[in-house]
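Across the two complexes that follow, subunit A remains constant while its partner is subunit B and subsequently subunit C.
Our next item is the complex of A and B:
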């Protein structure tokens, strides 16, 4: 009872304060939440209100952490960069914070994880206790340790595939823009064909033929996603190639390679970096999907997609453990998307009205 | 009108060529492998003679190009040869499953399309408000989550904790239509969540793009009420992008359906494909891939043709 009372007192006090200081949006949000809580409270009882309070608390915590992280980044970076960072929305700061956390987890995995990646320490599906933060999986391995190692394996593999896709796509795109003619046409048609098959289906076909070795996955995924990069690079570079300074460089007698490296690339980095982020999300989700289907990263390597599959039976007992690796995948993708959203917004120069 | 017809025909022709190239890709990729279907059916212990006999029986001793043409002409009439594992005709196992997959995709589309377009237009009208920001974060989250994440969350809360819907969508003969809808609700809902988010974002972008064009500004400046601006000026021009968005997302459903079918153990083509891939049953893999690719290409084609047909400038040439 006291919780319900405190809940409404806090909400009404908050909205009064917001109204008094003239913050219209904050007031509207808080007060509409209050009104909605009346209805939710009547239907769902105290539990529903507790749920809302927890969610709001988590949201506030995330916002506070993002705010601090942004201020921290502004403080430690060079003036030119910190000026940009100051304009970043909280969602982008949150994204950067999450990416930072994942990077730490991935790089220092052996030191953070209490047990080894495929070390069998107890019986299958052991419940959680002080030593096993998230319990054990179907073979008695520590799930927490495997999630930490998964940060290294899943993300590492996706990064590798994205980088390769980027190298192939960007190189082909730049060459096509510089060379033009039949090479351009050939590359364009090839990209069309690859993009006309759904990526997951294409990946399944290729994996069924070439097997599921790690390097095979990397190459196949890179080939599937390189046309996207190719098209973007081709479009961006196509606009640059017709500039006068390129003409001047050509007249100076510079070769194709010089044109690409010194004239075109420096002028097309902004959209390419944003594309790298987007591409990473696609690749990461595709590899996670493949692993979930049992055709990606093979056991005993710890990987989030296959961990979901291996522990999926726990769901039917109402245990949320299998959702944690899946949530880890979703969180990273969301984080990268938040950052990319901000970058695209910045490079588009506030085009939206 | 002849101009328009020419454009559509050209696009159709291009789609057909793409489909042909993809079929070549699917067929010859498998041909690169050592060994063939006859050897796979008989296994390692088969003698040279039996393999040769089966090869002749299946027509595998003919040149590659002849076999490709044979396979292609069969595929046009939905005859994909026999499975390398069971030896049964592939079409018999794909047929009913394809109907199931189509049903699931349509179920999801019927719910998702109206909601997504309505919300997308709404978000575009209230752009840069709190409502828009919240919608942006929510749709981004939904897009970024793998389908199996959403699927398992739904199973946990709607099937295990509350048992409103069954967690496994097994289909049986003689089910009523209502029962069918109830059983397949969770997989459909998973698809709806993902596709709605995609479609909302694309609709929003298309409408905002439209609202910033000069003639909308003009209509506003002459004092037209906002509702009328939308219905009279924006909507007729918005059909092309909206049709495009819908068709592209239906194409997206095709890929999403594979993962969702596996999560909910739904008897569709996606599940069959995954099984065939892990068993290396190539005739089935080829058939499933061709079906998925053809649907995907067809929907993309529909998107393009729809855009051409709804473009007023092409419909009424000067």
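Our next item is the complex of A and C:
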């Protein structure tokens, strides 16, 4: 009872303070939460209120962390960069924070993880306790440690594949836009052919032919995703090559490489970076999907996709363990998209809408 | 002002202040402007870009564009206060009682619908007329606006009619509900002089016939002199002065107004061809050219450009002026004929030319916005040609860039590390000139370099080009449709029509009769400051014989 009372008192005090100091959005947020809580409290009782309070607390915590992280970044970076960072919304700061955490986890995995990547330490499906933070998997390995190592494998592989896809796609796209003619046509039709095969089936086919070595996965995924990059790059560059400054550079006698590097690329980085973030998510999901199907990263290497599959049986016992690696994937995807959204907003005409 | 009685006030704006949002803060862009417009009165708003003309025009409809807000002041339209009216009330006025004619009709019409369907939209929406009634009315209006085939033209799509016709169709659309007030926002700026006349005549007639009040926004004084009863001059969001047209033209009070009036007076002495028989710098010989698979756009074009002289190439859009420039630079290889540089034939395609041949023909573009890479620093834009052609690096390159910046009258220390979007239109154009100069050419093609600029700024650019010509002995090929520019800077004139040279010769001869009929049409179509110029001209040509009719 005292919780319910305290909860309402805190909310109403907060809204009153916000209204008094004239913070309109804060007031609206708090007070609508209060009103919603009245209804939910009547229907769901104290349990529902606790749930709302926890959720709101988590959100507030995330916001506070993002805020601090942004201020931290602003404080430690150079003035030119920190001026940009100041304009970042909290969502972008949250995204950056999550990416930062993942990066730390991936880089320092052997030191952070309490147990080895494929070390069997206890019996299968051991429950959670203070030693096994998230319990054990089907072979008795520590899930927490495997998630930490998984950050390194899954994210690292996806990053590598996306970068390669971008190198191939962007280069081909820029060349096609500058050269035009038969080269453009050849590239375009090649891209069409690759895109016409469903990506997962294509990947499965190729992996069954060439085996599942890591470098094979990277190259195949890169080839599958490069046509999307190619199309975007070519479209963006196509709008730039018709500009007068390109004509001026051509008339000056500049070569294609100079045109691409100095004149076109600086003007197309914004959409390309945004696309990089999106593609990264897709590539990540594709690799996770391949692992889930057993053709991606091979055991005993820890990988989030295969972890979901290996522990899938637990779902029928009402245990959420398989959802934890899935949640890690989802969180990273959301985080990357938050950052990309901000970059798009910052560097395109979107802000004028 | 005597023409309009005090009680017939239609629009009364008092102490209007509008803020614009930039760099995260609101800055005032209109700083307290008063405006009184009577029924049937046409008021011309003139000023440079950024003076707030269009913003006031929009405010007269109670409308603030995105990123602007009306911060204070009152806008009273026919007794109704617009600044406090609800959005719904204001919207009910627009289209029915206040109409708007935009600068670019091509961009303002929806390309997916027929003209007449767009015309009837407002009357049907406001239930003023039934669709059929409104269509008939549209045809009447088209006829009054002297559009060809008035009963049929409305059933075309916007891309199927010419620019001048589209602009008139838009005026007709604005009249569709017989509004009390029409706002014309630079309706003829994008048109050729010969087309401009038709539109001006049409607008003036229709405004007279229906006793509509109008606000006519433009930066062209000669145009506003034909259209307006009163003229209001604006500068940076403030009113400079307001007078009746005659008084304003004869006796401007303020210094700023006088400077606007004086713009067209710049003229430099005409040079003659060298008499010692030396070869021309650039010689265009019997050029035919066509774009891939298309019809011939250039037909037997020949002219010579001698060192240190300015040859103006004039003509309407589509006459082949810019194509000629593309042929000279080698972007469009000609199908017949040749380009000679100092007596030597240049390869037809630019990729076959060597660096020394490429550096001789530099271009300055019309739109400085698209001619300068927005992501490259000024020092690199100017430095690159110097580095590329002369192999300068390090301190020598920096010194050369500083020299060039000095040459175009921009302070090197201040602009060295800036990016093009941080500069004003005139400054960008100067950077474009510096880039051309960096190649140390003897010949520069200026493609409509001043037509996107305000008159005062344009005059500055012309003076700069003239000074550079004297200092560096440059030859210019000056592509323009503005004969006032030709008068001020050209030595020789080449008149083009439909891809052919119709007349060419020294400037003084070209401006003296007898002319080729087309030259005559071009010359007489240039608006003059005399407020009766349009009336006189129309009488001379006969009502049915203006513009298009005369060209065909």
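Assume the second predicted complex is superposed on the first by the 325 of 353 C-alpha atoms of A that agree within 3 Å, B and C clash if a C-alpha of one lies under 4 Å from a C-alpha of the other, contacts with A are read in each partner's own complex, and residues count from 1 in each chain.
We adopt the following convention: a contact is a pair of C-beta atoms (placed from the backbone, for glycine too) under 8 Å apart; a residue touches a chain by one contact, two chains touch by 3 or more.
Since we're looking at a predicted model, the values are computed, not measured.
Q: Answer with first, second, both or neither: which of subunit B and subunit C does A:129 touch in the superposed model?
A: After superposition on chain A, A:129 lies in contact with neither partner.
Q: Where does A:247 make contact in the superposed view: on subunit B (first), on subunit C (second), on both, or on neither?
A: second
Q: Taking the superposition as given, does A:322 touch the first partner, subunit B, the second, subunit C, both, or neither?
A: Only subunit B is touched by A:322; subunit C is not.
Q: Once the two complexes are aligned on chain A, which partner has more residues of subunit A within touching range, subunit B or subunit C?
A: Of subunit B and subunit C, more residues of subunit A lie in contact with B.
Q: Taking the stated contact definition, name every residue in subunit A that is touched by subunit B in one complex and by subunit C in the other, in rising order.
A: Looking at subunit A, the two contact sets intersect at 352.
Q: Tell me, which parts of subunit C touch subunit A in their complex?
A: 66-67, 329-331, 350, 353, 355, 358-359, 361-363, 365, 367, 370-376, 384-385, 388-389, 435, 439
Q: Name, in rising order, each residue of subunit B that touches subunit A in their complex.
A: Interface residues on subunit B, with respect to subunit A: 18, 21-22, 25-26, 29-30, 32-33, 127-128, 130, 136-137, 140-141, 143-149, 152-153, 155-156, 160-161, 167, 208, 211-212, 251, 254-255, 258-259, 262, 273-274, 276-278, 280, 282, 285, 288-289, 292-293, 296-297, 300.
Q: Which positions of subunit A touch subunit B when the two form their complex?
A: 25, 28-29, 91, 192-193, 196-202, 204-209, 281, 285, 288-289, 292-295, 305, 308, 312, 315-318, 320, 322-323, 326-327, 329-330, 333-334, 336-338, 341, 352-353
Q: Please give the residue numbers of subunit A that touch subunit C in the complex, ascending.
A: By the definition above, subunit A touches subunit C via 243-245, 247-248, 250-254, 262-263, 266-267, 352.
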